[in-house]
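Across the two complexes that follow, chain A remains constant while its partner is chain B and subsequently chain C.
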Partner chain A sequence: MLQELLNGIVVGASYTLLALGFSIVYGLIRLINFAQVSLYTLGAYLALYLTPLFASWLPGHGWVAFSLSVAVCGLLTGLVGVLVAAFAWWPIRRAPTISMLVSSLAVLILIEALIEVVVSPLPMVVKVPVDNRVHEALGGHYSSLQAAMLVGGVALTFLLYNFIRFTKFGRAIRATASNVDSAVVLGVNVTSTTFVVFGIAGALAGVSGVLVSSTYGVASFTMGEIVGLKGFTAAVLGGMGSVWGAVVGGFTLGIIESMSTFLLPSQWTAVVAFGILILVLAFRPTGLLRTRASDRA
Partner chain B sequence: MMVEAVHTYYDNVHAVKGISFEVRRGEITALIGANGAGKSTSIKTICGLLRPRSGGVYLEGSPIHKLPPERIVRLGIGYVPEGRRVFPLLTVDENLAMGAFHRRDSAGIARDKAGVYETFPKLMDRRKQLAGALSGGEQQMLAIGRALMSRPSLLVMDEPSLGLAPLLVRQVFEIIVGLNEQGLTILLSEQNARSALKIAHRGIVMETGKVRFADTSKALRENPVVQRAYLGFA
Partner chain C sequence: MRSIGPIAVARRFRDPRWYGGAALLAAVLLPFLVPSSYVLDIADDMMIWAVLTVGLNLVVGYSGLLDLGYIAFFAIGGYTFGVLGTKLGMTMWESIPIAAALVTVSSVVIGIPTLRLKSDYLAIMTLGFGEIIFLTANNLNGLTGGPNGLYQMPVPRLFGLTLNEPGQFYWLLLAVLLVAVIVVSRLRGSHVGRAWLAIRQDDLAARASGVEVVRYKLLAYMGGAVWAGLVGVIFAAKQTIVSPTSFQFSQSFYVLSAVIIGGMGSVPGAIAGGFLFVAISECLQGVAQTYSSVVFSVALLAVILLRPKGLWPASAHARYESAALSSSPAVLLDAEAAASRERQAYPALLSVERLSVRFGGVQALSEVSLSVGSSEIVSVIGPNGAGKTTLLNLISGFVRPDAGKIEFQGRSLSRLKVEARARLGIARTFQTPRLLATLNVLENVMQGAHVSFTAGALSVALGLSAQRRRERARRERAIEILRALDLLPVANSLPTQLSYGDERRCEIARCLALEPLIILLDEPAAGMSAKETDDLGELLLRVRSLGVTLLLIDHDMSLVGKVSDRVVALDRGTQVAAGSVEAVLRDPAVVQSYLGG
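And now, the complex of A and B:
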């Protein structure tokens, strides 16, 4: 029971990071930015090269090298996120949302194809230079990397949540999400805000990709797809556009999936997740947390 | 501020058809007209939310109609949108902070916020609540307070009395007069010509996208056409 709960929180952290990215971009420009899913994959593949490189610079300091790799990969995918905004969103920012969605999906396919061609179509083994012991605590077993993923995911979620909640920039993001016109007449530059938010979403996705591939020891060029859809499900679950909703949605989805293994074989977790997506879309399209009609115009 | 021969379109809907008028410093100017006359379109053009296809808007003689809205607020034009449009998921306090978004003088911002709370004590009591939970009248006060936080020299208000109970309408109008007495120039749109012309120095009457009359409030109140069409004289 506790084991499943812990597993649920660990995978939930990766869903949360992706859900946050979906949610903050959607809040600003009403776009479901599937391109960020490819940045999750890109993060994992960058780490494939960078983690051993940093480990060779810092022999004997495996955790430092790994942490450095996570940070650098996040920075790089954040930059790529800004480039995605510049090339796939900015030129068509006045086009209908559906055009942006197609453009975003094109980026997803393009980056995945590039990884497949440049690196390999086969899954890659991810080695992390740390002592990945299995610990026994709280009535369950978990590896050091799972613990790192949990700590990293929760810390990043906490950081982002507080950034959005308490800084002037975060306030502007929330204000713009609730009414673009009212925000611009107060001086918010939506274009530059959107660039920053694409960058943040890219960084979150990249970090998530590094953490997940390192924890499970494998990366593949399609690894983002299912997780990306689950991140999307989590964002819908909590209410697309809401930061707190993404956090609640991500961890809830992870825990439900993990708990469902009590009742169903583990191959069924995707069925459970996407079943939830369909149910929420059908009965609570504004998310489980949304109660007032005034929340969203 | 001068509006000169402005034409504004929504794609191919010609909503404002060559309007010109002036808002004099220190005065209250009322923009009067029925549903669909083009009041909101004119106001959005002034604030930069809409681009005029031709003509221009001039503040102290310099053109502002090519600037984006986030620049126009820095020049001292505050906007209170039709239907209030406060940020429902932000607290009252955060809504006011958003009003000062372009400012960097934190001491001045704090002082102005205290001033807004002094003018609207009801907002003070609810400063930590979400703006979406306020009543219509309170949201209107908040929308005005938010616009004041940008330190405007010209406050543009789009139908501030819309959907408010008569008592609240009177309160809002009293506040507008008070702000004007402190030196703020005001442009407000109203369907209710009678009360608007009572507080305004000048009025502009719009019909189907054009200016029909532009004169002092007194002259407009005495104009038989205005009386029949807008002031309910038989």
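And now, the complex of A and C:
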């Protein structure tokens, strides 16, 4: 029981990162950014090359090399996120929502397909140059990488929250999210704000992809699809557009899913997540949390 | 006899009956001209895909519902035959109705909670549904055979013939595709199709014309799903095996790509997209199979970014041909419809009592009362922010009041939705015209007549003659209205090509098509020239003389003065004066509110 709780919390951290990405883009321009899912996968595949590279530069400092790899992959996927916004969203920003959704979806498939063609259609084994010990806590056990995943997820969420809450740029994001027209009047550069938000969402997804693939030791070009669905479920569960909503949704989903393995084999967790999505949309489409204006992004 | 020039021939070839007939002829001749089982096998696949794209086009192209799990219904069809065939020995024919029922039920289960919400949630829900069906097929080994799938279903028979070769499935698939095309085209040409397109364009305008949005969305979602389920059964029979790989998310993506690349909302585009998909996959087969996702995602991006209407864009359905022009005087309102309406004596047609509504911190309307009698023209005036549009929104049902009541023909409207109020004969225009951008003027007006169609989608699909007569009558009626409003010359134009004044009048034409008892006009003269405003005044008086009541909001005092029987002045949500035009305009409170103070 405690073991499942622990696993759920760790997995929840990765859902939270994806949910945050969906949530901030949706909060800003009311678009479900499917492309973000492929950046999760891209992050994992970049780390496949970068982690061993950095480890060879920094022999004996496995954790430093791994942290560096996480950061660099996050930056790169963030950059790709901005490029996606520039090429697949910006030109059609005035088109009907359906065109934007399809364009985002096409980017998702394109990036996945490129990974499949360039790297391999087969799942890849991910090796991490760290001393991945097993620790005991609360009557359960967890690995060092799982701990890193949780710490990374929480730290990034904390960073993002403070960024949105206290920086000038964060205010620009909040202003744009609450009303584009008045944000323009107030002198906010809505275009660059939106690009940066796409970048942040991409970076969060990329980091999440690296952490998950490193912790569980495997990456595949379709790894993002189900996880993306779960990240979205987490965002809806907590309340689309809210940072705390994503956190609450992410961890709640992680824990429920992990607990559900008492009842169902683990390959059915996606069904559990989807069931939650249906129930939330049917009965409480605004999510579990009531969104406050102050933490909307 | 007239001679037919090359231009006339070319124009005639644009008529779907011509190229459709030519395509059908080619399809019938193909097995005789090219009796190769390789070619026929590919042709079979093309037709399976074309049924899928024509079906999905109804969902995505007409109704604008982004279905990312369409292949799930194909899978349900395939596995229905797989399971029933292998476990119970049922035939393909027996499986089809069961598959159709299962598909219908599952589309309702997914559709009802989702279709009420913003349309983008449907995308994610259907994506999830597709994944779940795939996972179920892959993991539920006992029932579905797991990753290996199911095989050894009974070989289908037709007219004593065993269907086990591509050439034999060819005729069955051709028939299914033909039926799909006919049914989907009929739906497009009916009030059902116009309602779908209206929802896709602007669901507020659709609701104001009486379309029950959720019901029609569900109808579209179901109507699309059924084709996937049906052809899924045939697909399973043709392949002689069903396995999860045929139903991955990528397949849903390919069908969607084919629809969008072909041209959203265009049946020939959908077919072309489906054919193209099979042709390209076949070319990539063996050479560069893994590149197909790259090719299709790049093609899809290119179309979305560079040619959003697709390779074969949808064209207008109903067109006005000048030959039908008659010289009799135009009739504004259907006499029959007007006569059939009960003309009871009410104290007032519309009465509003102590209506209040608050938006956040703003009291938009406070205790406003108003009554409008039959065949009256009542104007509501007031400066910006006085609550005029809010009043119209309350009467038409877009906004719910916090207090007060609205009665129409003596019955309370408070429990009725926008679309139900439209059905009672309450029509409205909008401050900025909300015409349907992809429909031409004639079709816009015909869509406005939505409430006068009673037939369901099934009788449209079957092409019942009562429904066809009604469609023809409504079309003639729409032409009459256009003629009365001098809009006939632009009947085939798209709203974006209209002058502002024409756009306004086209909105009024849409209202008249509803055969209304009352029309709520929100600043109809805004942006009109003096001449146009003058003509509009004449038109409003003519409409009134036919027994239609008008509630008018406008800033143009020449119009208000010319047509109004009575005027009500609002300021900051409260009523400051009411009475005859002269009295109200001279009222110190009204002068004060306009000039500030």
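Everything below uses one rule, namely that the second predicted complex is superposed on the first by the 289 of 297 C-alpha atoms of A that agree within 3 Å, B and C clash if a C-alpha of one lies under 4 Å from a C-alpha of the other, contacts with A are read in each partner's own complex, and residues count from 1 in each chain.
Criterion: a contact is a pair of C-beta atoms (placed from the backbone, for glycine too) under 8 Å apart; a residue touches a chain by one contact, two chains touch by 3 or more.
Since the model is a prediction, treat every value here as computed from it, not as a measurement.
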{"item": "Clash or fit (per the criteria above) of chain B with chain C on chain A", "value": "clash"}
{"item": "Which superposed partner A:Leu159 touches (first chain B, second chain C, both, neither)", "value": "neither"}
{"item": "More chain A residues in contact - chain B or chain C", "value": "C"}
{"item": "Chain B versus chain C as contact partner of A:Leu186, first or second or both or neither", "value": "first"}
{"item": "Touched partner set for A:Leu264, first chain B, second chain C, both or neither", "value": "neither"}
{"item": "Which superposed partner A:Ala172 touches (first chain B, second chain C, both, neither)", "value": "first"}
{"item": "Contacts of A:Val125 with chain B and chain C, given as first, second, both or neither", "value": "neither"}
{"item": "Which superposed partner A:Ala137 touches (first chain B, second chain C, both, neither)", "value": "neither"}
{"item": "First, second, both or neither for A:Ala282, with chain B first and chain C second", "value": "second"}
{"item": "From 44-52, 62-70, 98-106 or 188-196, the chain B stretch with C-alpha clashes against chain C", "value": "188-196"}
{"item": "Contact footprint of chain A on chain B as seen in their complex", "value": "47-49, 68-70, 72-74, 79, 81, 85-90, 94, 97-99, 101-102, 132, 146, 150"}
{"item": "Contact footprint of chain B on chain A as seen in their complex", "value": "168, 171-172, 174-175, 177-179, 181-189, 242, 292, 294-295"}
{"item": "Contact footprint of chain C on chain A as seen in their complex", "value": "30-32, 88, 91-92, 95-99, 101-103, 105-107, 109-110, 112-114, 116-117, 121, 225-226, 229, 232-233, 236, 265, 267-268, 270-271, 273-274, 277-278, 281-282, 285"}
{"item": "Touching residues on chain C, where the partner in the complex is chain A", "value": "60, 64, 66, 68, 110, 112-114, 117, 119-121, 123-125, 127-129, 131-132, 135-136, 139, 249-250, 253, 256-257, 260, 290-291, 293-294, 296-298, 300-301, 304-305, 308"}
